[in-house]
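We just call them A, B and C in the order they show up, numbering each chain from 1.
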Amino acid sequence: MTDPHSLEGILSKGEPGGSEPGPAAKERSRSLTADAIYELVRNPVFWVAGTLVVIVLTMAVVPGLWANQDPNVSAECDIQLAQRSPSWDRPFGYTTQGCSMWGAVVYGTRNSVFVAIAGTAAIAVIAITLGVIAGFYGRWIDSVLSRITDIFFGLPFILGAIILLTILTTRTVWTISAVITVFLWPQMTRIMRGATIATKQRDFVDAARAVGASNFRIIRKHIIPNSLAPVIVIGTINLGQLIAIESTLTFLGIGFQPPTVSWGLLIQAGAGPALGGTTHLLWIPCAFVVIATLSFILLGDVLRDALDPRMR
Amino acid sequence: MSESVIASQRGIDVAALQRVHFDRDAPLLEVDDLHVEFHTRDGTAKAVNGVSFTLHEGETLGILGESGCGKSVTAQAIMGILDIPPARVAGGKILFRGVDLQKMEEKTRRHIRANKIAMIFQDALSALNPVFTVGWQLGEIYRKHTEASRSQAKAKAVELLDLVGIPAAKERVNSFPHQFSGGMRQRVMIAMALALEPDIIIADEPTTALDVTVQAQVMKLLSDLQQDYRMGLILITHDMAVMADVADKICVMYAGNAVEQADVHQIYSRPAHPYSKGLLESIPRVDMKGQELAAIKGLPPVLVDPPPGCPFHPRCTFARERCQEEKPELYDVPGDRRSACFFWEEVISS
Amino acid sequence: MGRYLIRRLLQFIPVLLGALFLLHYMTVVGIQISGDPVRALFGDNPPPESVLAAMRADYGLDNPCLDRRFDPCVAMFVERLGQYATGDFGIDLRQGRPITEHLGERFPTTMRLALIAVVFETVLGIALGVLAGLRKDRFVDNLVRASTVLLIAFPVFIIGTLIQVYVGVKLGNWIRGQDSMPDWFGQMFTVTYSADYPWLSLILPGLVLGAFSLAAIARLTRTSVIENLRADYVRTAKAKGMPGTRVVGVHTLRNSLIPVVTYIGFDIGNLMAGAVVTEGIFGVPGIGQFVFQGTQNKDAGIVVGTVTILVLVYLIFNLVVDLLYAVLDPRIRYD
């Protein structure tokens, strides 16, 4: 059954094998990885989403490549130009601060994407460690961890984050990533635990044990490589989700604070003036958040289709 | 029960079936040159490739073959429950008492199911709906094919459970499928098939999912009921032992083709096709203890891309050059049997 | 059923206590790291230290354990549990009114908003999901799949602000400017909540609030319908000669809705978080707006008290959904 408690579960198609009769399927001799790559390069969605992801990532790392008006440099902004609408030589117009909107969204990418990457990386490390321990050793460790994840599932994420971030007065990329990690680790941990249990029951694990492999070796050589596919898929989807979450928290006033530049802050600043008619202040940063989120979600989706052998 | 009584009991819903003129002298079921195809990503798979057989009252026809040989597809084509698309009946006739089921309107044909031809599936746990009680699932047949009320339908369900030997049927009727044991669940499936006293029952691997002792009980129940009601039974299985016990005649299928058709004794004593011979030799026998068990080497062909000539030739010990080029037809073999092998004489005498 | 009920209730208690403790611990650690919220409330112009100290004492923030980083302050937690049991969820830091009093006033508005969202997302979501599932890989299915992925990529606050500008202001102003349109019709496309139209002016915010879950429910239903259409018991129903409408409507749908029901329980959490954003944007005087204002004004009293109540509601709601799940799926009930 699909898991409705995560975005990954909602996106899953749950249609293994298709409706072809068994023996009709061509025998495939390619390896799983080669097969996955073969599936990916044939999929146009992969190319579109992948290109967008690369663009977003380069904007985050070297914004200067895409724009030369850094909104953090006050000389680049002129308050006289504030809120000016798009024109031929400035197709994205100016921000409420009088900076180039294009420069602001490009330079704002880093904060949003950094939180997403740091959060996802931390979640993945916690999830792989705890998930493998709980799934592999079972018994009381598993019970205790399961109860703890149950408790975290009892807290709707945004509400928990609101409490913590309202009380914390310093909000940097680190605190925001940490808060996201604190509340979102249980989802992936639960999936990692499931994957570990499934792998543990496979014959090659028994075979490895029979030839005297240590637990640590079995985990390193068999369990983790075989459970990695779901982590990659969920991690990619999570990146998109975290970009959306960061901008939501910032919009609520408990994420990044001015004078930082971030997508959420641009939307927050633009929402009011947009009601008065200067809509570019709103829709341009919104489009960036949506396109970035969508690219990661779609990339995760095609990766799952390619990596999951049940889908074929 | 006579045709007219049944019809009067069932009202307008079944009137369509009443208007169909069944020829009482025609055989119960005639399948003539049936072709079924599946459209897949890799091409068109010919799952059933010209199968023909006849079934009479009280007779048991066994369809034998490996999984994927087209047995179940044949059964589903007869029932008219193939998923279309991807499946498609590409040719041939299915005649019930002389009436072509393919040409029948769907609203009439659906009454053929359960009323005339019923089916028993392999895995009763997944074939029964997990969220309804067995009583509800049995009663549904009466409620939708006759004018029975809910309480009448439930009373009928209890009778049926009793008939198939489920103890305390009155209480069990309110249980859910997962609360029954495997054998009991398969009895529920049999009860479901028997509900409207059909003329034909198609049993698709009815005992494969069961323990050996339970298998025997369920098979005995099925064949007893068949005798009592003089039904035609199509038994689909890959289990040679079950087949030998129950079947009157056998149709052996390979890669969508009927490769041998004969009386059960003829096949078991002197098979006329190398594939039947191979199947028989792969049964472990007490008197051959200590010797290596013969197995048919290789795998069945991919249906989207079958080999030229005889589909069995890559695995056949009798194969010659001719087998690679020309596809054998079903040749008549003395003793009212047929074999799709150029060298059937050689196979029989070997 | 009885045993399932008891087991589920027994599981509920540790989760409830755990979640409350987690909230408590978050608050305490936040205070230990950032300093007390009373001080934060006043920004750059703090009143004299004596006033602050008096306020801290009022709110129970003078506990010395709040000065020790990462101290769980268990004694304080036990005291809080006692207060929760008597219905005391604290007071807001500016007016000093009990949180429960605020929420009592705001509850009906939020209920109306949630009702609109839930009806919209379930009715349309299930309908679209079933349609797409039955027409798998056809045009309708591709359309539903593409539009739901797109919808999932839109955070609620973005849909909210965009809808407010383009539907509320641009389309709404045009409609309200037409003489031929009745007045109430224009209220459906309003920019903000209006107390004169307690239902109509909540329609737009309600649709925004339900948008994400609409996409989720449509996808879950679609997946579930496709899975169940392939199920053996659906083939059995066909073999029993059931009409096509019954095969889909009874045998397939009944099973397909089970995962959707469990999602709706989980979804209440989404709706609560979404309500904070939606009510904030549309100026709806509900519970969500209360939290929204609490975060804007850094009023920890409002945020902690309200979120605690919301978490309790969420947990109880999920308990109810789990019991409903058992009613729908006999395999759970009798195991």
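Quick note on the criterion: a contact is a pair of C-beta atoms (placed from the backbone, for glycine too) under 8 Å apart; a residue touches a chain by one contact, two chains touch by 3 or more.
Remember, it's a predicted structure, so these values are computed and weren't measured experimentally.
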{"item": "Pair of chains joined by more contacts [C-beta pairs], A-C or B-C", "value": "A-C"}
{"item": "Maximum centroid distance from chain C, chain identifier (CA atoms)", "value": "B"}
{"item": "Whole-Å gap between the CA centroids of chain B and chain C", "value": "53"}
{"item": "Between chain C and chain A, distance of the C-alpha-averaged centres to the nearest whole Å", "value": "22"}
{"item": "Residues of chain A engaged with two or more neighbouring chains", "value": "19"}
{"item": "Chain C-facing residues of chain A, complex", "value": "1-2, 4-5, 7, 10-15, 19, 147-148, 150-152, 154-160, 162-170, 240, 244-245, 247-248, 251-254, 267, 271, 274-275, 279, 282-283, 286, 289-290, 293-294, 297-298, 301"}
{"item": "Chain C-touching residues of chain B, taken from the complex the two chains share", "value": "76, 79, 81, 106-107, 110-115, 118-119, 121, 123, 126-132, 140-141, 144-145, 176, 178-179, 192"}
{"item": "Of all residues in chain C, those that touch chain B in their complex", "value": "231-233, 235-244, 246, 251, 254-255, 258, 328-331, 334"}
{"item": "List of chain C residues in touch with chain A within their complex", "value": "11, 14-16, 18-19, 22-23, 26-27, 29-31, 33-35, 37, 40, 136, 149-150, 152-158, 161-162, 164-166, 169, 191, 215-216, 219-220, 223-224, 226-227, 230, 259-260, 262-263, 266, 268-270, 272-273, 276-277, 280-281, 291-292, 294-296, 298-300, 303-304, 307, 310-311, 314-315, 318"}
